Amino acid sequence: MSTIARNDAAESDPRVKAVFDDIRTTRKSDFINNMWHYLTFDPGLLESTWAEVKAVMATPSALDPLVKEMLYIAVSVTNGCTYCAHSHTAAAKAKGMSAEQHADLLRVISLAAKTNQLATALQLPVDAVFDADHRP
Amino acid sequence: MSTIARNDAAESDPRVKAVFDDIRTTRKSDFINNMWHYLTFDPGLLESTWAEVKAVMATPSALDPLVKEMLYIAVSVTNGCTYCAHSHTAAAKAKGMSAEQHADLLRVISLAAKTNQLATALQLPVDAVFDADHRP
Amino acid sequence: MSTIARNDAAESDPRVKAVFDDIRTTRKSDFINNMWHYLTFDPGLLESTWAEVKAVMATPSALDPLVKEMLYIAVSVTNGCTYCAHSHTAAAKAKGMSAEQHADLLRVISLAAKTNQLATALQLPVDAVFDADHRP
Amino acid sequence: MSTIARNDAAESDPRVKAVFDDIRTTRKSDFINNMWHYLTFDPGLLESTWAEVKAVMATPSALDPLVKEMLYIAVSVTNGCTYCAHSHTAAAKAKGMSAEQHADLLRVISLAAKTNQLATALQLPVDAVFDADHRP
Amino acid sequence: MSTIARNDAAESDPRVKAVFDDIRTTRKSDFINNMWHYLTFDPGLLESTWAEVKAVMATPSALDPLVKEMLYIAVSVTNGCTYCAHSHTAAAKAKGMSAEQHADLLRVISLAAKTNQLATALQLPVDAVFDADHRP
Amino acid sequence: MSTIARNDAAESDPRVKAVFDDIRTTRKSDFINNMWHYLTFDPGLLESTWAEVKAVMATPSALDPLVKEMLYIAVSVTNGCTYCAHSHTAAAKAKGMSAEQHADLLRVISLAAKTNQLATALQLPVDAVFDADHRP
């Protein structure tokens, strides 16, 4: 079920084909997941979304690729995004996330959600030492 | 402002003192941040919360301590927890997070929030290959 | 799957029938979607919910009906509400939302989610000029 | 800081005065908290909001008034609503919430947030016995 | 669909068997729901999660067991957790939640979500009387 | 209070200056709000964020500029983003949002939050007619 119909003929549009080809090349795989199939309804949105995902997630940067996938999972789970929890857990496993790391990830993100509730329920004043504007 | 009054005399309770001493020893610092001061209103809740934070965040595990702090930030920011965003960003910096890593963290968690919206708005069907129950 | 059983005989209750009749008249359609079928388990809750939805969404007001549907989508997607994302996207299309407007809506709500993360992660101080209590 | 300016002269409007009088009578107190002061910018919104709060929270119903305040806290904390966490914790205390009950409330809502993360991260299939539509 | 494969042979691990046996004894039922089946992928995570759920939810405390289930529902619904909404609504019904109480619960948590939006949209200043740190 | 220190000398960096100049030109105002001041800690992040905000919010598109600001408010409020609620409400007023439109916006987004809770609490099955993949 989706809110926009999937268009299996979308790749006949050269703008869509260019993005799909770049996804295949970047990922070294012929598989195109649903995120990209459904975004074809607006080629401009497809292009800009893929460009940003490629720049942030598929380009070497200050953080390790697996760490970036785990951060993606952390946000996606907290937002309750079903599709994203699935796709990024699969991606993290493909990048080598072990069962031990997965369990550790779950321990951290579930503890964070727990202490977030406590801090918000108590409406804790922020300690002055945490203020970057006033740190010596 | 808080929903429970801070009790600066709380450490006269031996259960509170034991937790505070363990926090100081574990962190090699005399500073006790507000989370723990305010939880003293219920020593049992203080004990169980610290025990879990210590076990998950201050004990060697499958993930690097800095990675765990960054995951904590990712969840805290997504949940909009002011206190937690402050305290865990300070903790990540104390554990060596560079400005480049911080910027990269922001890029990943803000992109994740963005694509979460797209996936949820489109109500994307989960690709069959993402289903762990049916993966070969 | 639902947490309350659907009761297909609910319309035999005159209070339910009165609401269903008003939904059909207001929408000029015989179709009653699941929201209303499942709320029949408590006729008072059904009545008050429909009364508010009718007053806000089906009554001329300062905002255009399509704009109101798009605002509804924005909130529903941000809250991760599957049913609501589906029902209000269908409603927006029925009220004339074009593919271009839909893509634009997705661009705005996904960008908003992205910059929300940045602002919360940075814990930005609110600029004084934004304070309505102190604006000249 | 607020997004709408507070209007201290609002009670000169008879519609506002009628709502404020009813709040004072219902609560047996002269104090009007900021929620109602700021909603005076639109008397219709003030009226409908107060009418619903009064009907749900200040009218005897199937749940105890203190339980209803604690449920309000649970939702408000999960949504990260600063104002609501403050106002409903104060209301719960005024209705007799003890420190032990408060601590228990925090234990439950923080555990719930924790297991919500686990269930969403694992994308647990819902057990068939939980489906109300198919329960015998 | 899940992000971790279900392992029906997990109970051959004595640590898993010990937890499952304790769940059966505590709940006086042979049924083990999916949350516990899927957590078996990491026996330590299974043990610590069950220990906390048992301590908070299945041990007499300052709040009534049904009230605790309803608080759990309030958080789970606000977080959009499908599995948790199902499992805790079933648990609340098993603990005696009537249709009238269920409707009342829905009225409170939906009203809370509504006024949370208003308070956040208006960015209401917290009334000084709500500040526990400065209450006389 | 912020998690990154504000750098008032940032404009001496030509990349920062170029962005600030473009903000001033685009908005026909000398004022630079805090979002941009704090993002200067990473010029690349500043550039990409501004480029996207300009493309989506300051470029004519299928939706009216005021509608886009109101959608931004809807997401920001639902996410509990203090800074964003302030900045985008100010922007919407600058673009002509009347008090009547503001009240209507609040009515819609608070009602949406309310019915989101009901739909999630009931775990409503999505009506088949809402599925874009199967619509005739």
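All chains are identified by letter, namely A, B, C, D, E and F, in their written order; residue positions are counted from 1 within each chain.
Heads up, the rule we're going with is that a residue touches a chain if its C-beta (ideal position, glycine included) is under 8 Å from a C-beta of that chain, and two chains touch if they have at least 3 such contacts.
Quick caveat, the model's predicted, so the values are computed rather than measured.
> Farthest chain from chain C, going by mean C-alpha coordinates, please.
B
> How far is the middle of chain C from the middle of chain D, if each middle is the mean of its Cα atoms, in Å?
20
> So, what's the distance in Å between the C-alpha centres of chain E and chain C?
About 27 Å separates the centre of chain C from that of chain E.
> Where in chain A do residues touch two or more other chains at once?
Answer for chain A, listing residues that touch two or more other chains: 1-4, 52, 75, 78-82, 85-86, 89-90, 100, 103, 105-107, 109, 111-118, 120-123, 125-126, 130-133.
> What's the contact topology between the chains, one of line, ring, star, complete, other?
Topology of touching chains reads as complete, every chain touching all others.
> Once bound in the complex, which stretches of chain D touch chain C?
Result: residues 1-6, 48, 52, 126, 130-133, 135 of chain D touch chain C.
> Chain F touches which residues of chain E in the complex?
These residues of chain E touch chain F: 73, 77-78, 80, 82, 85-86, 89, 105-106, 109-118, 120-123.
> Can you name the residues of chain C that touch chain A in the complex?
80, 82, 85-86, 89-90, 99-100, 102-103, 106-107, 117, 125
> Which positions of chain E touch chain D when the two form their complex?
1-4, 31, 33-35, 38-39, 49, 52-53, 56-57, 61-63, 67-68, 70-72, 74-76, 78-79, 81-84, 86-90, 98, 100-101, 103-105, 107-109, 111-116, 118-127, 129-132
> In the complex formed with chain C, which residues of chain A make contact?
Result: residues 1, 3-4, 41-42, 44-45, 75, 79-82, 133 of chain A touch chain C.
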